[in-house]
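Each of the two complexes below includes chain A, the first together with chain B, the second together with chain C.
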Partner chain A sequence: MENGSATKDFITLLVFAVAILTMPIWMAPIGANYPDLLQRFAIYGIFAIGFNLLFGLTGYLSFGHAAFLGVGSYTAVWSFKLLSMNILPALLFSVLFTGLLAAVIGFVSLRRSGIYFAILTLAIAQMSYNLAYSVLTPITNGETGLQLRNYDVRIIDNLFGKVATEGIPSTNLFGITMSGYSGFYFSAVVLILCFWISLRIFRSPFGITLRGIKSNQKRMGYTGFNTRPYLLAVFIISGMYAGLAGGLLAVTDPLAGAERMEWTASGEVVLMTILGGLGTLSGPMIGAVVIKYFENIFSSIGDQRLLEIFSWAPDGLQHALAYVVSPFVGNGWQLTLGLLFVVIIIFLPGGLVSGFKRIFTKLKPIAKGVAKKEAKKEGADTGEAGT
Partner chain B sequence: MSKIITSKWSRRDILKAGAASGIVAGMPMFYMKNAFAANYLNDPGSAAAVTFGFNVPQTGAYADEGADELRAYKLAVKHLNGEGDGGMIHTLKPMSLKGNGVLGKKVKYVTGDTQTKSDAARASAKRMIEKDGVTMVTGGSSSGVAIATQSLCQEAGVIFMAGLTHSNDTTGKDKRRNGFRHFFNAYMSAAALAPVLKKNYGTDRKAYHLTADYTWGWTQEASMVAFTEAIGWKTVATVKTPVGAGDFSQFITPILNSGADTLILNHYGKDMINSLTQAVQFGLRDKQVNGKDFVIIVPLYSRLMAQGAGDNIKGIFGSTNWHWSLPDAGTKAFVKSFGAEYGLPPSQAAQTCYVQTLLYADASERAGTFMPSEVIKQLEGFKFDGAGNGPTEYRAADHQCFKDVLVVKGKEKPSSQFDLLEIVEVTPRAKVEYKPDNKFFAGGKLGPANNGV
Partner chain C sequence: MAAFQGRSCECTYSLIHYSPGLDVDAIFLQIINGLDKGAAYALIALGLTLVFGTLGVVNFAHGALFMLGAFTTVSTQALLTMSMKIRDTSITFFEAYKEVPYLQVWWGDTGKAIIDYAVPISLLLVIPVMLLIGLLMERGLIRHFYKRIPADQILMTFGLAIVLQEIIKANFGANPIPVPAPEIVAGSAQIGSWLGMSDAIVYPWWRLIYFLFSLLVIGAVFAFLQLTTFGMVVRAGMHNREMVGLLGINIERKFTIVFGLGAVVAGLAGAMYTPILPPDYNMGMNFLVLSFVVVVVGGMGSLGGAVIAGFLLGILQSFASMNQVNSIIPGIDQIIIYLVAILIILVRPRGLMGREGVMED
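Presenting the complex of A and B:
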């Protein structure tokens, strides 16, 4: 099952890195090459990759991962407010704090498996959401969202006397502001690092143990394995990934709102992972891109834009086409996404990645020379789908 | 378990390759940077059109208001481009627009759904700024969203013309140089309502507040508490309720035994419709407490809400920014063209959004550019009339419009499905005006203008 050679792995990583870093170019034809969306692709990619470590490897479905995302954001914003506008302490605290929280939540919820685990995590996440919304308002600023203010203390920055500017300073990495493209490239580099770590975990004995838990936890127990520490470890790692993603959301846009922790956000990451390919390396990333693309681009197509798109058709047909398509775009983007999801689950249970794999296997004999390299990459990519 | 994998790629190799691909991938960033070598962000330059961004809630508790705001925006764009009957362009004074777009450019627009959530609103505003190249973002219907979007526009370097946002903080402690608000605020509502309440309900009342749990609710509750206590009322309790709760019965039952004889509903949109309807269903208005009839007050009223709440609003006092039945020329022109277009009268949300769009366009025309810092100079301290609210001033110190406030009451005998509110009093501007450093507004700073480059 596990024979992704080191060379193959390196090629996978390289292809992944190049694909991510060149997104501003190849996303241009589909209108997705603006910094905010690119940042979202990268950040939710991290979130989904981390989620996949838990769900894809062990089969434990956490329905409350958004809580970590939210806590990561809040932590980062507080770090901006209290310590420094530099993003490194913010990210560090996000990861550490969510790791700690994950340890506590994991310790409680991992006592059960299957549906009970899912319900426990969902309950805890909803509890965090409601806390952030009501009781913890002094810390989270409730519905309004936690925001930066002119009069924030920023101890470290003030220590070095960096308060010359009027207005709210922007988040930065030693002077490089973290909005726009620089924010994207920073997130992209973090994403590639996270992908690499995920790859190492997939290949490691630790990863194999986790897959063992997925295929038969009882048998693992009979062979003398105490599975709980392994589960807790991967739950914490996965929570830290989510915390990092939440921190990055605050880095690129310093505002944290409770809605980030809502159960719909937890459901979204499940969809991303399954849509892209559960248990595969790059599947979650692909799923994240597809869903964020739908959310941001499909939802913004209005009637005006539709008529523009169908302007090639004769007048009557143009309006007819726009009429037929309009329920599926704009506010109806979730409808399209739902249909896509149903189609993928029925015809491609392995997710989009397995679809690409099938296409490449078909193409292989036809265009050996060209397809060989990519098929190889796909093989490396999906080979570990495992059980 | 033994080590399974041996890599012939050392860590150093990976780092080298990573750095190399980073440099290659970084190239387009520098090319794209050049596109921004203009004087300000999203400069339309010699393009034939300029784009505005309309960011309104199309889903969530404030969706009705959002839909009406969008209608108004579309109408405003028509009038700016010289289509339709021109509406307020003919009544607004002073006015430099000629009905040929703005600065000779046709006005185009993009829309977005804020979902009444700060996160979604900022994502959609960012799309407008980064992808669609808008020079101005406008919209609202939730102060939380408006404040979040306003600070985003400040950071990005475009103008934000707030739509319906009633929290004191929007032009108080969260005010920004690039943001402007035409709508009135919670302080003004309370200041206008208090004398009317005193006249109708006396000076000995015990009030119970139900408050939407976010910036608008908080500031409105604080303002109402301060002004009602100044006329001698007592505050029994203030209870925060989540936005979009749907069911308020758990919050209403405690009121029955609290000894309060007045309920102040600091709710808006569908929340207000639900809480008011349930309060009436629980029989609050039929009760007698302390020898007085139990009364309900809704400080911020809108016709859309009145429509949703039906008979329950009869006789209930509140305040509003504007009402379609006003007799002035600006209101008449606007109601006429809105009615011709959509077959219904506009709401106060529609009016403020429409006026904001025209004001921005007019300021750009006068400035001769869309550069934010120049447009801001034109709007600060700008005095105008003919927009439906009488003489109005954009105060330079906090970017808040000052004008008369309407105190209204739910009509007992409505003549049509839109004729639901009657104007009890037009409170003159002087009565609701305050100093920029008033305690409800202090703490914020406008900061410098941002052109985004």
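Presenting the complex of A and C:
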């Protein structure tokens, strides 16, 4: 864990902000420059950063975080239906409501730790998922998903005389329509804000306390810390992040379905965080981008596209290559995801970020022309962990 | 892979439509209705607990093993019903062909009977296949994770489960594949009249068989652990691994075999479940979540607890889906298991029969 100074943190934030805002430029060569996908990068980045605050800092593995994502989406859509198509109240309600929910769930589930905590959160999330499909159908609209309708009330919009002439109005921020690139830039700004908050939490005494809980909760208790309020606080914050992400998903596409709450969705955010680097600042963001990229790009590659990709190869080889690769793309992209996941956990327990770091520490002495023994030793030490 | 589209299994969907008042008959009916699902939970939870108790690994891929067992049966069935085209002589006015399984062509009615008994026959294949898969999994992957933190173990096995699931999806498609039970047990048993209760209480034969089969498997596992020297060593190892190692016993090898055993139990549970629920690639995951709940309710590391909790939760679920109960608390059938799990974890974290000091903080 790097403990940077204020300037170093500022540079980190600046680099992050520039990297996010210029995504439309540097994502273009790898075919990811369309606003819908970029927006999803940003939203799931928020989700993963929030999850990392809980899992990365305290080591409490929540397997039910998707419940907050789903609830956030539902809240936002209801705000669109009842109050206004403006996204600010929607996001505000998403965050507040999921915060409340997280307070209740956290109060119950934080009584236990380890595997019991994971199963408690999983059970609660599965309960809300099942309820959303059955009893809560009047609120969630069941399998169809909650949608906007022409006859929605939209009290605030109507108050200001912004009555939709025809069709369903789109979500907006004081008149700026939230679709296409404006939607992405809005999400990006929110993401940078969230990253900044996460950075502040990492550096704060609060964050250090949380890390203390991770390394030895008992000893934290001996030193006079009542750990429960700290855990509850970070659980609520993390839930709010998820709620915000859910709300933003509804901003992109005002439709909320219960499948967002399913436990596989909870598993996905765990994947993102682990893949990128658990407990690191930028890791979750990287993980979110990689996984969403895989999901979108790999799942869209069909057999024809594969042949085009391998068109440089001689004829027989071209078909052979396409045949070998085809199970891993298209409908089978999750196979690639699963394999990647297993490989990462086996060989790179610290995620992609630690991989970059290791490469960096190995390259540094070579670049300088001086082989530092320490760097090598450290590389060897971390290399041990994989076997 | 040609999915066998044979006669659909009657016992799959023939749930008993019987809704009397809350009398003894109704209660009995709900109890037996919960038995088959409870049996599946118990078998999966048994394997999970075995693996957890011996190797200390929380295996999220255990549901995938259940699913692999079911698909071994599907493959067996596909193998047995490999067909050739034969001129259909009953249609005379044009050249019609029909698909006839090789077995039927070669051996006539005997071949037909073999195909009919595809599910029981597949068990012969399930045992070696699952044992092999289990041993490979343990030696190849899980062995490297004993010293890692539980979160890493959970995540690795979770990733493995995704991989296994996707491989099955790529080969068998995403749709459930119907696997019929043998013709002779396709109907329902008149349990009600046997026991002198209402004649309206009937129970599909195959579910009854599944329940008895699960008792047999559970009994075999317990006998293996209690009566053999191998089982004794394993039990000792569950208590104190280090001590057994110091006595000069290669406990790791024994535990590897235990993992294989857990895989076989899960595989058998899945294979026999195919006539009740047509398997699809996702079935393991659905059962896994509930099985974890079962393990926790029963008490981490307690084999007896896992079995009892499995049956209890199965029956409880069946009670919660009664109309009378649902009208009082709507939606209770959807959440009852999770609700019980939450209560148990909060009030009695050791579960029903958990040992002291297992996964406690």
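The rule is short, and it goes like this: the second predicted complex is superposed on the first by the 361 of 387 C-alpha atoms of A that agree within 3 Å, B and C clash if a C-alpha of one lies under 4 Å from a C-alpha of the other, contacts with A are read in each partner's own complex, and residues count from 1 in each chain.
What we mean here is this: a contact is a pair of C-beta atoms (placed from the backbone, for glycine too) under 8 Å apart; a residue touches a chain by one contact, two chains touch by 3 or more.
Since the model is a prediction, treat every value here as computed from it, not as a measurement.
Engineer: Tell me the contact category for A:Ser299 with respect to chain B and chain C: first, second, both or neither.
Structural biologist: A:Ser299 contacts chain B only, not chain C.
Engineer: Between chain B and chain C, whom does A:Gln217 touch in the aligned arrangement: first, second, both, or neither?
Structural biologist: second
Engineer: So in the superposed three-chain picture, is A:Leu61 touching just chain B, just chain C, both, or none of them (first/second/both/neither)?
Structural biologist: second
Engineer: Output check: A:Ser134 vs chain B and chain C. Expected answer is one of first, second, both, neither. What do you get?
Structural biologist: After superposition on chain A, A:Ser134 lies in contact with both partners, chain B and chain C.
Engineer: Who contacts more of chain A, chain B or chain C?
Structural biologist: B
Engineer: After the superposition on A, what does A:Ile366 contact: first (chain B), second (chain C), both or neither?
Structural biologist: neither
Engineer: Using the touch definition from the top, say if A:Ile30 reaches chain B (first), chain C (second), both or neither.
Structural biologist: neither
Engineer: Quick one: is A:Leu13 in contact with chain B, with chain C, with both, or with neither? Answer first, second, both or neither.
Structural biologist: In the superposition, A:Leu13 touches chain B alone.
Engineer: Is A:Thr264 contacted by the first partner chain B, the second partner chain C, both or neither?
Structural biologist: After superposition on chain A, A:Thr264 lies in contact with chain C alone.
Engineer: Pick out the shared contact residues on chain A: the ones touching chain B in one complex and chain C in the other.
Structural biologist: 133-134, 331
Engineer: Of all residues in chain A, which touch chain C in the complex?
Structural biologist: Residue list for chain A touching chain C: 55, 59, 61, 108, 111-116, 118-120, 122-124, 126-127, 130-131, 133-136, 217, 263-264, 267, 270-271, 274, 327, 331-332, 334-335, 337-339, 341-342, 345-346, 349, 387.
Engineer: Help me check something: in the complex, which residues belonging to chain A touch chain B?
Structural biologist: Residue list for chain A touching chain B: 2, 6-7, 9-10, 13-14, 17-18, 21-22, 24-25, 31, 34-37, 40, 133-134, 137, 142-145, 147-151, 166-168, 170, 179-182, 185, 188-189, 192, 196, 203-205, 208, 253, 255, 257, 259-260, 296, 299-300, 302, 331.
Engineer: Per the contact definition, I'd like the list of chain B residues that touch chain A in the complex.
Structural biologist: Answer in residue numbers: 1, 3-9, 14, 17-18, 21-22, 24-26, 28-29, 32-33, 58-59, 110-113, 117-120, 122-124, 126-127, 130-131, 143-144, 147-148, 151-152, 154-156, 173-174, 177, 212-215, 240, 242-243, 443-445, 447-448, 450.
Engineer: Would you mind writing out the residues of chain C in touch with chain A in their complex?
Structural biologist: On the chain C side, the touching residues are 58, 141, 144, 148, 150-152, 154-156, 158-163, 165-167, 169-170, 285, 289, 292-293, 296, 300, 330-331, 334-335, 338-339, 341-342, 345-346, 349, 359, 361.
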